[in-house]
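So, here's a batch of structures to check.
You will see two complexes here that share subunit A, one where it goes with subunit B and one where it goes with subunit C.
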Partner chain A sequence: MKLYDYILSPSCYKVRLMAALTGVKLELRPVDFHPGAEHRGPELLALNPAGSIPILEDGDLLLTESSAILVYLAAQAAPEWLAGSKPEEAARVQQWLSFSGRLTASLGGARLHEMLLRPGDIGALQAQGIAALRELEAGLFEQAQRGKRFLAADRPTVADIACFPYVALAPDGGVSLDPYPTIRLWSRAVRALEGFIEMPGIHRLHELKPEPTVETGDA
Partner chain B sequence: MRSDTTGSWTPVALSRDLPAGTVIPARIPAGPIALWRSESGCPTASANRCPHRGMSLSHGFVRGEALSCVYHGWSYAKAGNCLRIPAHPGLTPPEAIRVKTYAVEETGGVIWVAMGEPSSSPMKLEGLLALRSLTAHAGIAAIEAAAGAKAGPEGLVEPAEGTEAICLLLSAQENGETLIHVLLRGEAGPAARIAASRAAESLRRKAEDLQKKGIAQ
Partner chain C sequence: MTMQAMIDEWYPVGLFSQLDQAGRTTTLMEEPIIVACDADGHAKVTSGNGRTLPVLVRYGHVWSSLGEPRKELFPIPEADQPGRRFVDVGCVRVRCSPLRAVENFLDIAHFPFVHTDILGAEPHTEVQNYKVEIREDVDEVWATQVKFYQPLAAKSASGGITTEYMYRVPAPTCSVLYKTCPPRPSEWDVITLFVQPLAEDLCDVWPWMALFDDVTSMTDLIHFQQTIFLQDRSILENQIPRLLPLDPGMEIPTRADLTSVAYRRWLKRHNYTYGAQLVAQ
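Moving on, here comes the complex of A and B:
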């Protein structure tokens, strides 16, 4: 499987993360998103007229939209990451997959404004981002009362991977994560998953590895 | 609420939001702190600045009984002294390298931090379940107006009407924001806890609306 990828893109990271968590091997094809705007060039527009990345190529199959790609990877390699047969769980997965689009528009928009100087009303983007974080915080709190540590179930699903990156990178857009204790616990739970990988701005939990030791002598 | 906060307790977070082996950012009137809990369960409040390069220690991590800075791994004990400098593994860090620490008490599911030497223990929250913390873009006056009740000397608001039997423990933050710890009366199952959380969200909306309209200045 070939992923048209940009290292700093949270949406591309969703796909890399999902693949790492489910043991899928990806061939990465780096896209010069910035400053080259290669995603809006003729070669990539021929693959995806929307001019967005990620794009996933698997043989004859061409997929766009990160949520769709997450579902494809999960269905291929790890169906337990999809909703089970319970109606509420199926609905919750869809709810948070849809919600992840609002995270991209608000927190992602603020991040592009602050990091790549994209035009936009930064105050409005940040306010929409805060509203979305409050909704996520309340949703996760309510799930915890129902005995569920993740967005749709007591196990992680594609919905958690769809929401995690833009939330974790909110400070890049000038939106603090300090006021959200339940999001903080959830973010730790995601980063504690076996096979978790980092991206610039999202680090692993260092405490999960033993303390590194160095040969003493010439300190 | 008291204006002179030296020696008095600030409710900074709920116990449930600080599991063993974690660090979170918090705030007391003296400024930001790194609030952390060691593997053995002991809570510590450290000044949020690594003496090495000034990195926020709340970005760091807890291993065993020490807090480590995420930048270069300098680690600190509960007393604030530096335990280890990874780039100089043979060096015993000098006593002069230390982060300031503050008194911490944990009672009724709430973690309290004091500046200076407090003369008494933090208030008891008997019969109250610590539910969740949320931040409002509103001052204490607006929250009091929304709740229809005044805060007591330690920041406890008991709303007049029976709004799901919630009480609010308030702590003023910077930028006119207020940290609200939501407390619930008596034993409550999941449905009651969810209803109380939603009631608190409604109250926050009301307070922020009042704040925006400038009614409660």
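Moving on, here comes the complex of A and C:
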């Protein structure tokens, strides 16, 4: 499986993260997105006329939508990351997969503007990002009330991986995560998953290192 | 803050390879400028009010100044050495003081915690003794004999090595790093940080490299350096106070911070205080 990849792209990171969590081996083909704009060049436009990455190639299959790629990896290697048979759970997975597009457009747009100087209305992008974060916070809080730690179930699904990167990188676009305690707990739960990998701007959980041994004195 | 001492310095304002005649609007110390090329491909920089600004092209970048530069741009002899590959890493904007961006570049102690498993790893966290001086003849800050254990020091490294570094600050918002070159031990890899001050608390950072590496693809070289710098970015944006403190009452340095101490002292000596905080608040 070949992934056209950019190390700083949160959408590409979704695919790398999903692959790491499910033990899928990817062949990475780095794309000079910045400063080279290779994704707008003839070779990549021939693969994906939308001019976006990631692109996943596997034999005859060519996928250019990150949610579809996540579903494909999970279906291949770890079906427990897909929705189960319960209608409500299946719907929630779809709901958040679609919702992740709003995160890309808003928080992702703000990040590209603030970091790589891409054009855009930064005030509007940040406002839309904040609206999406508030919705996510409410959704996660309701799940917590139902006793579930993740977006669609009490186990992580493709929906969590679809939403996590742009949320975790919101501060890159000047949007703080301080007001969202439930999002921060969820982010911690995602980062604590076995096999989790980081990307620049998303740090691993140093705080999960073993506690230092405290010597108890006689006093 | 005073802009006066720094206004006559050269600053990077764009990649030469990306110039076009339409021009790119950017900012230099709060003044809007347009960076373009003429029909013959020569770089030109114009201020918002139509004034033609000094310009030169060096190290892959276009350099300009709002004042009247009295000195040549600092030399990097390795930039003319045959066999090196020159890497335009591209611009990254950071909401921090341009001086803080340089100071972070000079810091070694954060490697294991911020660049985990690349430039450092626990438990190898000790910063060994190194030498720091302000070289009066060239008026530059130099740190030498810096040694650090690095799991993946460069794209051309295979496995962990103890890397040797030399740091150099030849201009208030530029730093040049000389680093062990894994495929050619007799030479140094050159990695620079050129910082364009947009405002006292906002900058565009243009990393550039001159490396001996005939194997790694250009895209991989760019991505390696972007990975490192983007790991720093979130840290830089959260530093408080936003301006670089030059008042010794504000922060207590340790021995590992000797380069930073010399850098701050040198800034203060020259009144290079755009982006600095002079009195602790």
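Everything that follows uses one rule, which is that the second predicted complex is superposed on the first by the 208 of 219 C-alpha atoms of A that agree within 3 Å, B and C clash if a C-alpha of one lies under 4 Å from a C-alpha of the other, contacts with A are read in each partner's own complex, and residues count from 1 in each chain.
Quick note on the criterion: a residue touches a chain if its C-beta (ideal position, glycine included) is under 8 Å from a C-beta of that chain, and two chains touch if they have at least 3 such contacts.
Keep in mind that what you see is a predicted model, and the values were worked out from it rather than measured.
By the touch criterion defined above, A:Arg146 lies against subunit B but remains apart from subunit C after alignment on the C-alpha atoms of chain A.
When the two complexes are overlaid on their common chain A, residue A:His206 makes contact with subunit B and with subunit C alike. Once chain A of one complex is fitted onto chain A of the other, the partner contacts of A:Asp160 are absent, as it touches neither subunit B nor subunit C.
Of the two partner chains placed around the shared chain by superposition, subunit C is the only one that A:Gly36 touches, whereas subunit B remains out of contact.
In the overlay built on the shared chain, the residue A:Ile7 is in contact with subunit C alone; subunit B does not reach it. Within the superposed three-chain model, A:Thr182 lies in touch with subunit B and out of touch with subunit C [touch as defined at top].
Judged by the touch definition given at the top, the superposed model places A:Ala138 against subunit B, while subunit C stays out of reach.
Of the residues of subunit A, those at positions 203, 206 touch subunit B in one of the two structures and subunit C in the other. Partner subunit A is touched in their complex by these residues of subunit B: 13-14, 17, 19, 21-22, 24-25, 61-63, 68, 70, 86-91, 132-135, 179, 190, 193-194, 197-198, 201. Interface residues of subunit A, counted against subunit B in their complex, comprise 134, 137-138, 141-142, 145-147, 178-179, 181-182, 184-185, 188, 203, 205-207, 211-217, 219.
By the touch criterion stated above, subunit C contacts subunit A in their complex at residues 15, 18, 88-93, 95, 113-114, 116, 204, 217-220, 222-223, 226-231, 233-234, 237.
Within the complex formed with subunit C, the residues of subunit A that make contact are 6-8, 30-32, 34-36, 38, 114-117, 171-172, 174, 200-201, 203-204, 206.
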